[in-house]
Structure formats: structure tokens, C-alpha cells
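Some structures are shown below for you to check.
Okay, so subunit A shows up in both of these, paired with subunit B first and subunit C after.
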Partner chain A sequence: MIIGLPQGLLYFWFAPLWREYWQKVNCSVISSPPTDRQLMMTGVGSTLDEICLPIKIFIGHVKWLVPKVDKVMIPHLVKIEPKAFICPKFMGLPDIVRHTVPEIGEKMLVVKFDHPKTNFKQALDQAARQLGLKPPKKEFDLQNQLQGERIWPGLLNLNFQKMLNQQTENNLKIGVLGHPYCIYDPCFNLELLKRLRENDLTYYTPEMTPICYQGQGAGSLEKDLFWTLGRLQFDALEWMLEELNVDGFIHISTFACGPEAIVGELLEKRIRQANKPILKLNYEEHSGEAGVITRLEAFLDLMKYRCQVC
Partner chain B sequence: MKLYLGIDVGSVSTNIVLIDNQGKLVRKLYLRSQGNPVASVQKGLAQVIKELKDYEIAGVGTTGSGRQMIGKLIGADLIKNEITAHAVACLHLEPEVRTIIEIGGQDSKLILIKDGIVNDFAMNTVCAAGTGSFLDQQAARLQMEIADFGNTAATGNHPVRIAGRCAVFAESDMIHKQQMGHPMEDILAGLCEALVRNFINNLGKGRDIKPPVIFQGGVAANQGIRKAFERILGHKLLIPEQFDVMGAYGAALLAQNEMMSQKLSTKFKGFQIINETITTSSFDCDACANQCEVVELRQGNQLVACLGDKCGKWSNQIMEEGLAIS
Partner chain C sequence: MLKVTIPHLGNSYIPLSALFREVGLEVILPPPISQETIALGAKLAPEFACLPFKINLGNFVETLRSQTIDLIFMAGGVGPCRFGYYGQLQQEILRANGYQVDFLILEAPKTHPRELWEKLKKYLPKHRLTDFSRALSYAWQKAKAVDTFDTLANQIRPLEKKPGATSRLQKKFYHALNAAVLHKDIKKIVNNALQELSSLSVKTEFKPLKIVLLGEIYMVLESQVNFKIEETLGNMGVEVKRTIHFSEWVFEHLLLSIVKPNWRQKQFLLAKSYLDNFVGGHGLETVAHTVDAAVNNYHGVVELAPFTCMPEIVAMQALPAITKDLGIPVLPLIIDEHSGEAGIRTRLEAFVDMLAYRRSRSRGGELLEVVSRN
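Here is the complex of A and B:
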């Protein structure tokens, strides 16, 4: 059986885990390719206009996969840690897909992650049983390699730790904050990370945050944040300010994202308190890069000037 | 005489300045682009060098949203974003400045200066509400010259309340007030006030706007907007003499600094460009799924530049050919 994984939303966190699981139960796994203009426009063309761009992109990936696989895995992420949620659109994702991609029909494979009712393995086991497959007895190898509860960014963390060691210390350092599907999808953010690399900047992302910072930043807020993606950014912010002492921040968000409207403001407040510059970039489906380039260039100039003074 | 050329290719206007070795302004020009940046640069260059004798262009800087295209076309030594260019020009003229407000055709910017450097900036996000092109549109709707628009607004003593958050709402609100019988000057004054409030909410966002405040960009010509800013901020605004060409001035200053400090010779292709036939065309590249919209720039029959491709398939090809020719 061929399982398709759409390369959108929290694919950027969980893909290694999902892929390993389905291979263990003798399925072959294919991912949709990285987002390109065509996939994006397919998604944009078939969804309601008020849905955020990352969901539209996800729909594009689902449409690409449907004719090529037996099942398309649609993650139904309700909760993945105690006392925190992702976003209502993630909870409603199976319904959104069902209505915007009717041709998916029986090919839709919903995997519901609802902590603490189901842990990751239990959720996937349930889905495997539905397909008449026998769940594997052992836990994930990947999960075993990690310590602590926050396994999801940790999956990426393993690779990032290697990357961090290779980076040089002489360059300007910049913290990139935002949701993983905004940061790691170059088609969405008009190749922001590549532009940073080309300008000889060393960048850090929330997913690189060491596990020991879990709860450090989010815990210091006046009131508990109940968005998983927001919490991680606060932990990352604490790490970037305290340990890395980065020279500036870029916050990426998607137009009309409810949670980020609040999280972004809170982050900005904290960053200003620490007297660091921040650039906020808000993305919609525009392909004109001029706006992003102008702001980025000006921000890099600003960071350089500020460094020369201090 | 060695001169440095600065060109700001904006959405609404194309501005050109010439400065000398000391950074003093020799010529300046503000031209409406009318949707054709290449033609307006050609026209502008022709005007700016008219009756100019014994000079040599020692460096060229471009800025504004068309900076890449025009930069490639004329052979710019330096291509700089407009935020830095505006700040550089402003600091050159007014070293003590703390706040720069710049409103152009499509962009509005707030730049905060600390210790003589840009410390923070904000730029309008997705929407162009409250910038010059919206004012242009409203003036056109009322069949008014844009210059009269500002003066009329400045005479309104009882600004009516207009929703300024969104250009579409603002327009319907204005029409409604018109039908209610409010006098034109009060409606326009209300619009100016709404736009200024929108600017301060959106870009200011609690930032400390400290005097001296400099107001520049094409919209600084608008008396109504000036008055509204002064009323709401409670500070007098300084408007530099070259307020409408500050971006170009900054680009020229940056080019001058670069060329003089590095002792480089200019890449400027010369003024013959004025009389050349420049055509642009675009096509969708179908080599991969990115579907880049590639723009080709032709001088006569010769392809001189390609822009817009992500991978460099087209733009690099020109560079290689260019090297082969030179």
C-alpha cells in the first residue's frame, strides 16, 4: 500500500516519525514535492479565500498526491501536549480536506492526535488497524533516541545540532521566529533563509532550541499561552536572547493568522525590552518579491549599523 | 566637474538628482512615472543634463521599487533599498533628526534614528491605503488637481470623521459625508486626519516619535496631511527643501561615498541610453514548476537584461554574454 504525506503544515516536524511508522508496517511512503508556485496556486484556486495560506498550500499538496497513492494521510492535530492547542484550522483539517478535495473520497486516512487520550504511537496504531494492518510492537526508534516530552521539534533538533556546530561565529546572528511551515517552506516565504545565507548571516530557528529551554520562555509570561506553536517561539526567544545573544530577529507570519496576531505582539514586546531590533514579515500569496527584499535589505543595514556603534 | 547621479524609481514618480563631490545638490527632478519607468528615466535623464557643461559622471546609485531593472539598464554602481537611501539623505541634511516620516506612492515608512544611525523602522504592510496613490485616486474621483487637494484640505477647520483603516471604507465614508452635505474642505481635512491616524497606529504602534521630525516623500507636498500630522503629533514638522527627491539624493550620496572611498571607476553606460529604443517583454518560464515571470529588457535589438528568474537561468546567461562582449 502506498501512503502519501502532504508536505505542508506540521509535516516539517513529524515527517520522519510518520515515514518510519508506515514503513514499519510495510507500506511504501511518498511525500509530495516541496511547495512550488503551481502547487500553491492549485491550493489557492480550490479553497475558500478566508483560509490562511499554509492551509491552502496543504490542499495543493493533497491534490497532487490523490491520483498517485492509495491513501493520503491527513493529520488531525487536536492536542500534542498538555494544556495547549495548535489552531482551530488544524482541528478541522479533515473536514476542510473532505469538502475542498472531494475526489479524495475513500483515499483519506485521518490520524487523530489528541493528547493525552492517544500518544503518537497509539494514534498511528488506530489508523493502521483501520487499514487492516498489524501495528508494530516496538516503540519508534526515533522516539527512543530523544529524551523529554517535546519530541516533535526534537526530531528536527537532531539534525540542527549538527548544523549548529558547523556554523561560524563571526557573522551577524539572527533569530528567525514563526511557525515551522512558514520558516521552512521557501516558496511561502520567498526564500527567506536562502537570502539570509547569501548575506552571510547565521540564523537560528525555534526548532533548534535545546530541550533544556522547554517551558523557560513561555513559563515567564504573565499568563499561560495555550498555543503549542507560540510556546515554542517563546522558549526559542529565551534561548536566543540569553545564550546566543543574537543581533536581531525576524518574525514570519501568514496574513490573517489569529494566534500569531497575539503571539507576534508579545514577542515584539519582549524583544524591544531587550533592546534588539525586529523585522516582522507578513505573507500572503504575492509572488512579487520587491516588498520582502526591500524590508530585508534595510533591516540588515540597520543590524550592521547598530553593531558598528556598539 | 565630477558628478554623482542618483535615481529613485518609485511606483508613482521617478526622481533624479545630480550631486557634486561635496554632496551638494546640482540638479533635481521629480517626474511622474505614469506606469512606464523606463521611458520616464530616459525622459528625466535628458532633462537633467540639459544645459549642463564640463561634467563627468563618476558614480550612479539607484533606489526605489524599480531599482534593479533601471540599475541593470543604465549600469549602476550601487543599488540600494529606499529605506536606507532615505535615511542617509535625511541624516546628511539634518544630522540631529530623530524621526523620519516618509510617504510615497505605494509605501509609507517610519524611521527612527538614534545616535546618528537607523535604530528602528516600520513600513506599511500589504495594503497601500493612506499612501500617495490613494490620495491621487481620490483627487481624480473629485476631478481635482492633486496640488489643490492638499490646499483645500488645509482650509478645512472642522474635519469630519472618516474611517481611515481601509481605503475602500474611507472612500464609501467620504461619499456618504458628501451626500450629507458636508463641505468639501472639511471632508478632505477629515480624510487627511484619518490617514495620519492610520499611519500612527499602523507604523507607530506605540513607538516614541521624538522631535525633530522630518516629513519627506511626495506626500509631504500635501498641506492637509502636514497640518494633520502636526495636530496629532503635537510637534512641528521639518520639511527639507528636497523632500520629494530624498530617495534619489540618498542613492547619489551612497554612490559618491562608495566610489570615493573605494576609488572605483563607474559602470555607468552613458547618456546615449536616452535616445535608444528600450522595449520590455515578459514570459512565463516553463522550465520548472516555479513558473517565474521573466522580464526581458531590450536595447534596440539587443537583449541587455533579464530579471525575475529564481534560478538565474536567464539572468546569468546575459551576464556571461555581457562578459564575452566586453
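Here is the complex of A and C:
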């Protein structure tokens, strides 16, 4: 049986885990290709205007996969840690897919992660049983790396550590904040990371944060945030400010992102308190390269100038 | 006496003023919501914050500019809707802009019972159990009264012979109710008002279109922000059934969620084929009530949502499927600080015309009188 994994949303965290699992139960796994313009526009064309771009992109990936595989796995991430959601759109994702990709029909394979009712193993086992497959007996390797109750993307997906190690330390360090599907999808953010590399900058993303910072930043807020991705960004911010002492921040988010409207404002306040520069970039399907390049160049120039002066 | 203020939410000021008065606080209401309020809030709030956030903030700034306030009351929440973080962020924004004021953010009694009690004890001059129960009984009586009156008013308005008669009575009733202090006075005012309302002269032969009004709670309840949609539709000859009432909402969240954890069961079942998961806010309710409206032969549904509202967007994606399966027309209206009355009115008029045509077609008869008189 061929299982398709859409390369969107939290694929960037969970891909190794899901891939390994389905291979263990003797399925072959294919992922959709990295997002390109055409795929994005397919998604944009089939969804409601109001929905955010990452969801539209995800729908594009699902549409690409449907004719090519036996089952498309739709991760239904209601809650992946205690007392925090990801976003209402993730909670309604299977229904959004059902309504926007009607041709998916029986090919939809929903895997529901709902802490504490189901952990990752249980959720995947349930889905495997639905397909008439026998779930693997042994706890599979990656499960052991999910330490404690909260998941930690750096341990879940070792690519982030690799990304960190590949970089040489340059004189300018920049912290990139945002949701994983905004940061690691080059088509979404118009190759932001590549541009930073080309400008000889070392960048740090929330997923690279060492686990010892778990709860450090998010815990210092007056009220606990109830969004997983927001919490991670606060922990990362703590790491970037205290240990790395980065020279500036780039915050990327999608146009009209709900949680980021609140989280972004709180992050900005904290960054301003620390007296660091910040560039906020909002993306949508009409974003143009020239606009991003201009703003990025201006910001980097200012950052360099600032470093020389201070 | 401690001076407190609350954000506007439709007519909730009537029961809430009574509640705070009974526990020994002086309530200072923000000036009515105006374009100025919205502009003030939009200036200070994050760009993509939802409209209720901006208006709350505008309310606070307008109050603080003219009065000294000791405490702002705000409700909390546990997500995933952004409402749960409103208070904290609003406090930070106000402080950053030079307004020094304390917030008392009331978290749901279900998740934070201890914190709630301790906060209340700290601030309220009267906090014996009997004080609370008396205050709650007044507030409840008034909240219930407002909702009973509004429900009846929505039924009478499309039938009234003298345009504007219902709305005038409504205004008078709110005023009298807000001033009433004793249980028996409230009772008398309600009975009189209901009597007056039902004795208005009405058209008997006219069959109004029936529309269900649903969506995000703030947009549905706050008539200053939704361009008085109930009145507008009523004047067009439409009977509006509003699905969200302040008294019900309070009852569900303060009591039902504790004593009957599966209180949403009915809505889950109604929405199941279109939306199979709770998505925060009123997303699930929107889908459930749309199905309900279709099954119960309403002529149409109007959904109200603020721009960037996450739960309503998820629900909105499910609505076309309901229209297709059950044949109920739905008009989604998204409102933000740039919305204009003419735009909303035009769309409502077109929608009502379409519904009227649709009804006459289905009856095979001629077009009945439905459209607005003004």
C-alpha cells in the first residue's frame, strides 16, 4: 500500500516519525514534492479566500497526491502537548480537506493526535488498524526521543541540528522566528533562508533550540500561552537572547495568521525591551520577490551599520 | 468605592452593571461604541488582531481618557480562540501607552476555580456567598429579561404596521430595565414591556421570511458593530432568529460546562457530517445551527464573523457543503474596522430579494410583498 504524506504544515517536524512508522508496517511512503508556484495556486484556487496560505498550500499538496497514492495521510493535530492547541484550523483540518478536495473520498486517512487521549504511537496504531495492518509491537525508535510530556521538535527531527551544524559562525547572527511551515518552505517565504545564507549570515530557527530551554521563555509569561507554536517561539527567543546574543530578528508569518497576531505582538515587545532590531514579514499568495528583497537588504544594511557603531 | 469598567458586548452591560453594583463596586460604562472607538482601538492593537479585540481596547482607552478607573473586568479563556489572551495583551498595550490600570481577568471556574475565588476575594468589598448569590440572581433575571424581549421583538418587527415602533419600545425597555433595582420592579417592567410589545398593531396576512443569524458571539450581539443587523433585516420584513444569547452563553460556560460536561453533544451530532471537531469559539455552533436551520425550514442563514476569526473561517469552509446538501442559502458577512454600512446593507438587500424570489418559485405562486418599505 502506498501512503502519501503532504509536504505542508507540520510535515516539517513529523516527517521522519511518520515515514518510519509507515515503513515499519510495510507500506511504501511518498511525499509530495516541495511546494512550487503551481502547487500553491492549485490550493489557492480550491479554498476559501479567508483561509491562511499554509492551509492553501497543504490543500495543493493533497490534490497532487490523491491520484498517485492509495491513501493520503491527513494529520489531525488537535493537541500535541498538555494545555496547548496548535490552531483551530488544524483542529478542523480533515473537514477542510473533505470540503475542498472532494475527490479524496475513501483515500483520506485521518490520524488524530489528541493529547492526552491518544499519544503518537496510539494514534498511528489506530490508523494502521483501520487499514487492516498490524501495528508494530515494539515502541519504535523515535518515540523514545519524545521526552516528557511536551514534544521537542529538535529531537523529533534531527535535520534541524544538522542545519545548525552545517553553518559556519559568521560575524552577524540572526534569529528567525515563525511557524515551521513558514520558515522551511522556500516557496512560501520566497527563499528567505537561502538569501540569508548568501548574505553570509548565520541564522537560528526555533527548532534548533536545545531542549534545556524547554519552558524557559514561555514560562515567564503572565499567562501560559495556549498555542504550541507560540510557546516554542518564546523558548527560542530566550535561547537567542541569552545564549546566542543574536544581532537581530526576522519574524515571518502568514497574512492574517490568528495566533501570530497575539504572539507576534508579545514577541516584538520582548525583543524591543532587549533593544534588538526586528523585521516583520507577512506573506500571502501575492507576495512578490522584489518587495521581500528590498526590505531584507535595508534591514541587513541597518543591522551591519548598527554593529559597527555600537 | 472601587471604580470598575467593562468592555461593551451588546446589552450585557445591563445584567453586568447590576451584578457589580450588588457586590459593592461602582461601574463606569465606556461611552457607546462609535467610529472613534474603533479607530482608537485599531491604532493601538496589532494589525491582524480581530475586531472585538480592537473595540474592547477602544472602549478602555475612551473610558480611561475621561475617568479614573481602578479596575478593568475582562473574561479569560483557555483557547484555542484568541479571546483567552485578550486581557493580558490589552493590559500590556495600555501600559505601553501610558494608561496605568489593573485588570481583573476572570478565568473559567472549571479550569481555574481557585484563582478565580482568590482574585474575587481580593478585590470585592462584599464577597460572602449570600452577596454573590443575590448579585447573580439580579444579573440573571436581567439577562434573561433582555433575551426574552429581544426574541419577541425580532418576531414582531417584520409585522409592525407603524415602522420603528418595535425598536422604540426596545430602547425604552432597555433604559427602564437598566435603572430597575428590585426584583419586583424588574418583573413589572418586563411584564409591561412584553404586554406593550404584543399589543402593537400588526399585519396579519403577511408571512415574513425567516432568517437565522449566527456566527461569532461579539459580532452577533453587538449591534453597534454589526450595523444593527437585526433591526435592518426586521425592517426589510424578515423575522430574525438569533442563535446566540448572552444569558445562554453565560449559563453554558459558567454552569453547564461543570455540571454537564457533554452539554455540546447535540451540536456535535448536528455538525458531525460537516465539522467533526470542536474548533474553538462558536465555529461548531455555526455549523450545527446552519444544519438546524435547514432542517427546520428556515429560508436563509446569515453568518457574521470578524476578519481573521479562526473558528468562523473553519466553519465557513464547511457551509457551502451544507447549502449543497440541504439547500439552505447562507450569506457570510466578514466585518472589520473598514466595513461600511452601505456595503453590508446592499448585500443584505440582495440576499433577502433572492430568498423572496426563491420562496415564490418554490410555491409556484407570484412574488409576495417582502421587500423593505424604506
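Everything that follows uses one rule, which is that the second predicted complex is superposed on the first by the 293 of 310 C-alpha atoms of A that agree within 3 Å, B and C clash if a C-alpha of one lies under 4 Å from a C-alpha of the other, contacts with A are read in each partner's own complex, and residues count from 1 in each chain.
Note that in this section a contact is a pair of C-beta atoms (placed from the backbone, for glycine too) under 8 Å apart; a residue touches a chain by one contact, two chains touch by 3 or more.
Just so it is clear, the structure is predicted and the values come from calculations on it, not from any experiment.
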Touching partner for A:N26 - first (subunit B), second (subunit C), both, neither: neither
Touched partner set for A:A261, first subunit B, second subunit C, both or neither: second
Partner chain(s) touched by A:E191 [first = subunit B, second = subunit C, both, neither]: first
Touching partner for A:E284 - first (subunit B), second (subunit C), both, neither: first
Which superposed partner A:K83 touches (first subunit B, second subunit C, both, neither): second
First (subunit B), second (subunit C), both or neither touched by A:N245: neither
Subunit A: partner with more touched residues, subunit B or subunit C: C
Which of subunit B and subunit C A:S220 touches, first, second, both or neither: neither
Touched partner set for A:R306, first subunit B, second subunit C, both or neither: first
Subunit C-contacting residues of subunit A that also contact subunit B: 255
Residue numbers on subunit B that touch subunit A, as the complex places them: 65, 80-84, 115, 117-121, 123, 125-126, 288-293, 310
For the subunit A and subunit B complex, residues of the former touching the latter: 33, 36-39, 187, 191, 255, 277, 282, 284, 286-287, 290, 293-295, 297-299, 301-302, 305-306, 308-309
Subunit A-facing residues of subunit C, complex: 46-50, 76, 78-82, 84-85, 88-89, 92-93, 96, 105, 274-281, 283, 307-311, 313-318, 320-321, 334
Of subunit A, residues touching subunit C in the complex: 47-48, 50-51, 76, 78, 83-89, 91-92, 94-96, 99-100, 221-223, 225-227, 255-262, 264-266, 269
